[in-house]
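Down below are the structures I want you to see.
In what follows, subunit A forms one complex with subunit B and a second complex with subunit C.
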Partner chain A sequence: MKPKNFIWKRLTTSLGPFIGLILVLAIFSLMPEISDRFLRLANIKSVVTQSVMVALCALGMTFIIVTGGIDLSAASNLALSCVLVAFSINLGLPPWLAAMAGLATGGLVGFFNGFLITRLKVVPFIVTLGMMGMARGAAKWVAKNQKIDAPLTWLNELMTRNPRPGWLLVSPGIWLVIILSVLMAILLRKTVFGRQVQAVGSNELTARLCGIRTDRTKVIVYTLSGLFCGLAGIMEFSRLTVGDPTVATGLELDIIAAVVIGGGSLSGGEGSILGTLIGVFIMSFLRNGCTMMGWPNYFQEIIIGAIIIVAVTLDRLRHSQN
Partner chain B sequence: MKNSTSAPKILALLVFSFFWLFSCQAKNSGDTSQSGTKKYQLAVIPKGTTHEYWKAVQAGAEKAGKEFGAQIFWKGPQKEDDRAQQITVVEDFINRRVDGIVLAPLDDRALLRPVDEAGQEGIPVVIIDSNLQGENYISFVATDNYQGGVLAARRLAEVLNGQGDIFLIRYLEGSASTTYREEGFLETMIKDYPKINILVKDQYAGTTTETAYQLTENLLSRFPQVDGIFAPNESSTFGACRALQAAGLAGQVKLVGFDSSAKLIQALRANEIQGLVLQDPVNMGYLGVKTLIDYLEQRPVEKRIDTGVKIATPDNMNDPEIKSLLAPDISEYLKQ
Partner chain C sequence: MTGKNQLLELSSISKRFGHNLVLNNIDFDLREGEVEAILGENGAGKSTLIKILSGAYQPDGGVMKLAGEAYCPSSPVDGLHQGLAVIYQELNLAPHLTVEENIMLGQEVNRYGLVNKKKNLEKIREVLKFLHHPEISPEVRVSQLSAGARQVVEIARALVRQSRILIMDEPTSSLSGEDTSYLFEIIKKLKSQGAAVIYVSHFLEEVRQVADRFVVLRDGQVAGRGKISETSIDQLIEMIIGQRLNELYPRVPHQPGQTILECTGLKSRKMTQPVSLEVREGEILGIAGLVGAGRTEFLRALFGLDRVEGGLVVLKGQSFRPVHPELSIKWGLGFLSEDRQSEGLALRMSLTDNLTLSYLQPYRSHGFISGRKQRQAAAGWVERLSIRAQSPAEKVWILSGGNQQKVALARLLHQEAAVFLMDEPTRGIDVKSKSQIYEIMGRLAAEKKAVIFVSSYLPELLGVSDRLAVFHRGQLIAVRPAVDWTETSLMKAAVTGKTDEDNGKEG
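Let's look at the complex of A and B:
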């Protein structure tokens, strides 16, 4: 593919979602009641901070969806990690070690997903559906059916709206999302591994015939996604200041929706990091705008539902041209 | 490229028409935007928006809003009982710079930081319903939940004549108000009624009627000998009640619950429920907003305001006082 063509295709891929985001921003900033508040830096900062958890999980989910898989256990995995961080801090571990524990559990759950999918030859939907229940149950078990209060540490500074060294401008959590997004975009587009991921999602059989170890690729992708959920769990703990086993119930659907709105195709082979992030922000700004307007929750649920359908329809339209 | 230009248009049209529709709807439904600007803009943030209980709180808040000339924004977390989303709602209202916030915190600890942030931004916060750690709020307006649990224990023991096997169905992990009710119930039972045997005391009903229904069904098949049940909020009471009705045990197994709704009143009248502990949610919403306005107008406010608990039984349910608590007249303030 010629570079010019390539850039053009990339542009059109994220154009739909991008227009959606601009529309959402434009509409709310034109609302007279909140026009002077909505696009303020303080508000944008807090919306982005609120989106960190979904964004992190969605980075991993993009890879999974590009391979043609799905991970329903993402939100439960996040909750398990969140609880384990609090639990470890209460055991007296130093905060960084507690965070590592959360991250490692996330990776482990992801690894099991990948392992079971490739070894048992069971479709990802079923394996991760099972894992969703197991991780959530494990989180409640560790937390003894309660939330876990943990003493405040520097971990809880990761998600403040006003970070301590002022030159950071935004919370460390947001920086993490930015850096990891760039890395993941490069990984997906510019590396051999990224090509393999896309090949597995486009046509697994052909990929295998071309010499790609598809099972290994999948296990790596699920483990990677698990690590992102673990990281999101740490960020959730940072924000809540408690380990909450019931947190993020149903969030997996928001995560999947973000990827899909951003141009990811559930049949695999398609999806971009930039698109996914735009998908995340469309939903977050909608939620934020509706709250600031004081609109009831059912409005935003209906709107987001409609947007998912519209986004996927758009995606199909684009495909039918190609 | 013809198709791809029409595609964003469809998206644009759809999104825009939704917003247009909703902004019209929002203008019609709220009686907020009519007579120019109100004196204060206050956010009232419940734990959820679908329970009858919160509708009554909303009615009280709207009543106070009308009386004192304040515009009320009523907004709960998008998913009922989601701590993270409630934090988001508080932050969003801080960014909107409302004049004050009335908050029913889902968690006594997790909501601490957003409330502190509101304080830093000079936005006063009144806590209602469930308590919050820390001191960064101007008043705590709530039911004495422990006392509610004590009343429930006495009533259940009374209808069981002081002996039998019972379930304590808990509500949700980490929910402070219901935990106090459960503790009040449990401690009174253990201390005052040694002949009552508590079969189950650490099962959680979860947030919906459906989950409470399933839990009760499962417990009933495990312990068919049960004589009485206590459930600490509306959804768990109704779930337990439905399970008893479905099993044909309603009235036979005694049920004492918390809060009221049309269905629960019906069951109370039919003697399928023997007691309902009643809070005064309308008064709680009303006092929450009133306290906030008192503070904004620099009148002195109490740090702790009790809104009272009563118990309704099939016998006293027609007393005027109990009646108004059972079915508060909220239609005047809420246009459904």
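Let's look at the complex of A and C:
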């Protein structure tokens, strides 16, 4: 096996989603009504900024899906930490401490997911379905069922389209996504931990047989994913400037869809960070293009639903050919 | 000669996958009331031929005739309707459904879509009675049946459909000796009714017992055929592997030394009784017993796969309680699972990953892993064990059974285990791979390692082991040097739980 071959194989696994993204971009930029605006830097910047929350959550979700699990509580977790950041600021905590509180909440929710899944031996779908309700409920409880207003701080500049030191070019949130994506790709592909995550998802029994602490691996993965949701919660607060307990309702499905469009397999063992990011952008640009075209919301929903099915079907075909 | 009408006739069947000619001009015929065995190594083309017969694959060339008429099934269902049923190695039953529901699936006696349960049950009882298994209740869930009983249900399903030809693919690989002889009786009954059976198996002794004629495939071609009664097992093996196998059980000289592993009163939650056993370095210890006698459970407890409730293991002078495979591996134990498909290997991962997964230390630094070094090491093992694979990056599911088993075994060698626990190390693999695995076991013993292996195949237990232990209903009933056992005495001990000790056989 030549290493060249190997790299080529790696690239082609993300090629499908990549072609999909190019197609989406090409179709909208050819639409006469919006062709002059769609590929403008300003529009791209705004789409990417809007994608930060989904992208962050999807990074963690990729790990979970690679282990063969799923996290339905991601969006509720995001809302809970968003609310907690606002709540903490109102308590008079310094912004960085408020952000830490949001992050820690996310991590804690993720840890409980992992803990319950491995201890109770209940499938992730059910545990996280329960947690989805619990986290959302907790968020509404903390916020007394309304939005929490909070004074503006530097936290609210994380998602600005015009970052303060001009050389940043894009918002700190986008930089965060870029840096963390690279780190997560390395973690998944180049480290022993990443190898263990893949092994657990590919065949948990084999992984155990090979001396991998499969339960511990899963708890770490769910905690990691929770931390990403917490981070996304901070970003959401930054964007909204309020703590909204009803924010991101239904977003967990977008997150899962992004991972799956990017080549993740719900039966585990497969998925890549690059693919996931491409999946995120396919959906964001589709939404954006549809909106610019003035197409109604229901039309977007139908298209995105169809895209998910087509993407996964194509992925299956690719596999059966191998 | 009565009832010897030609039932199935294949002439010059060919099949290629890409550039690979998998089947090359295969001729085959089957007569009423006859059992014909298809023999061959893994990858010789047996499975492909079966799939063509069943309708799962279409041949690229050649003609098939069923009872004189052209037979070209478009799918397995079509094949089934035309009277040809396949009973696969992994049973194809829905575990949540009852025996009745499974048997009648797709052919329920009904009226306007409503199932006529009474008629169904009648029909099934009749068939089960014919199969000499009236004790199987049609209303029990399949998940509650033993492997042997499930086999009977599969056959019943084929009979209810009035299949004239039954194809059995390794039907006994998950059966105990008792269930196997039931199966053979059923086959005899089917024969007497004029049905024909195509029997695919690696167990040549079984084939001799049950088949009338045989065809040997090698590299996609017919390498020999004839009457089984006129052919010896040695001749069969020669045809299968294409060369004379000098010795099926190559003995690598080795001398047992000091005790390396000793377990006292080891009991896991899944074991019914505590077991004490010791093995010496440079020794191969075979474990015999019926399926379900607690042999697998013992090995799993020793490796820390099942929760251990009591007992102590002393390995190289240090004692420990097996709680998790991670620790066992560190202590120097290696475990080969009996179920390489669902537990032993991560089929969708690469050969390299599977081989190195239990021992990544040499390739890690600061948590990072060097894929290049890992692949180099794997390539070395591929060569040493002559594993047939395109590259070390190949996914394991592509490999043949024998090569998969070698990958699983290579993992233990790679992790530098001192004591090798192997559960059915040669199940479902071809003769040549078997012989290679025996040789590896011998070499390990020569290197002062210890091997404990569980097998249901008596000749290999006797041919490879230095000492033999027998389990019966969860209990270890005897451990003796292999030379003191015979196939008969082993079988007797495994079945009855009693040994010939009283006869003064103990030396």
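Note that in this section the second predicted complex is superposed on the first by the 320 of 322 C-alpha atoms of A that agree within 3 Å, B and C clash if a C-alpha of one lies under 4 Å from a C-alpha of the other, contacts with A are read in each partner's own complex, and residues count from 1 in each chain.
By our rule, contacts are C-beta pairs under 8 Å (C-beta built on N, C-alpha and C of every residue); 3 or more make two chains touch, one makes a residue touch a chain.
As the structure is a computational prediction, the values presented were derived from the model and not from experiment.
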| item | value |
| --- | --- |
| Three-chain arrangement built on subunit A, subunit B and subunit C clash or fit | fit |
| Touching partner for A:A199 - first (subunit B), second (subunit C), both, neither | second |
| Superposed arrangement, angle subtended at the Cα centre of subunit A by subunit B and subunit C, nearest 10 degrees | 130 |
| Minimum distance between Cα atoms of subunit B and subunit C in the superposition (Å) | 11 |
| Subunit C residues touching subunit A - in the complex, by the definition given at the top | 305, 324-330, 335, 337, 342-349, 353-354, 357-358, 360, 364, 367-369, 371-372, 375, 379, 391-393, 395, 411 |
| Residues of subunit A touching subunit C in the complex | 1, 3, 5-6, 9, 190-195, 198-199, 202-203, 205-213, 269-270, 322 |
| Touch list for subunit B against partner subunit A, complex | 3-4, 6-8, 10-12, 14-16, 18-19, 22-23, 25-26, 30, 32, 43, 49, 73-79, 81-84, 87-89, 91-97, 107, 109-110, 112-113, 117, 172-174, 202, 204 |
| Parts of subunit A lying in touch with subunit B, wherever the complex brings them together | 12, 15-16, 19-20, 23-24, 27, 31, 34, 37, 40, 42-43, 46, 50, 53, 140, 143, 145-147, 149, 160-161, 236, 239-242, 244-250, 287-288, 291-297, 299-303, 306-307, 310-311, 313-314, 317-318, 320-321 |
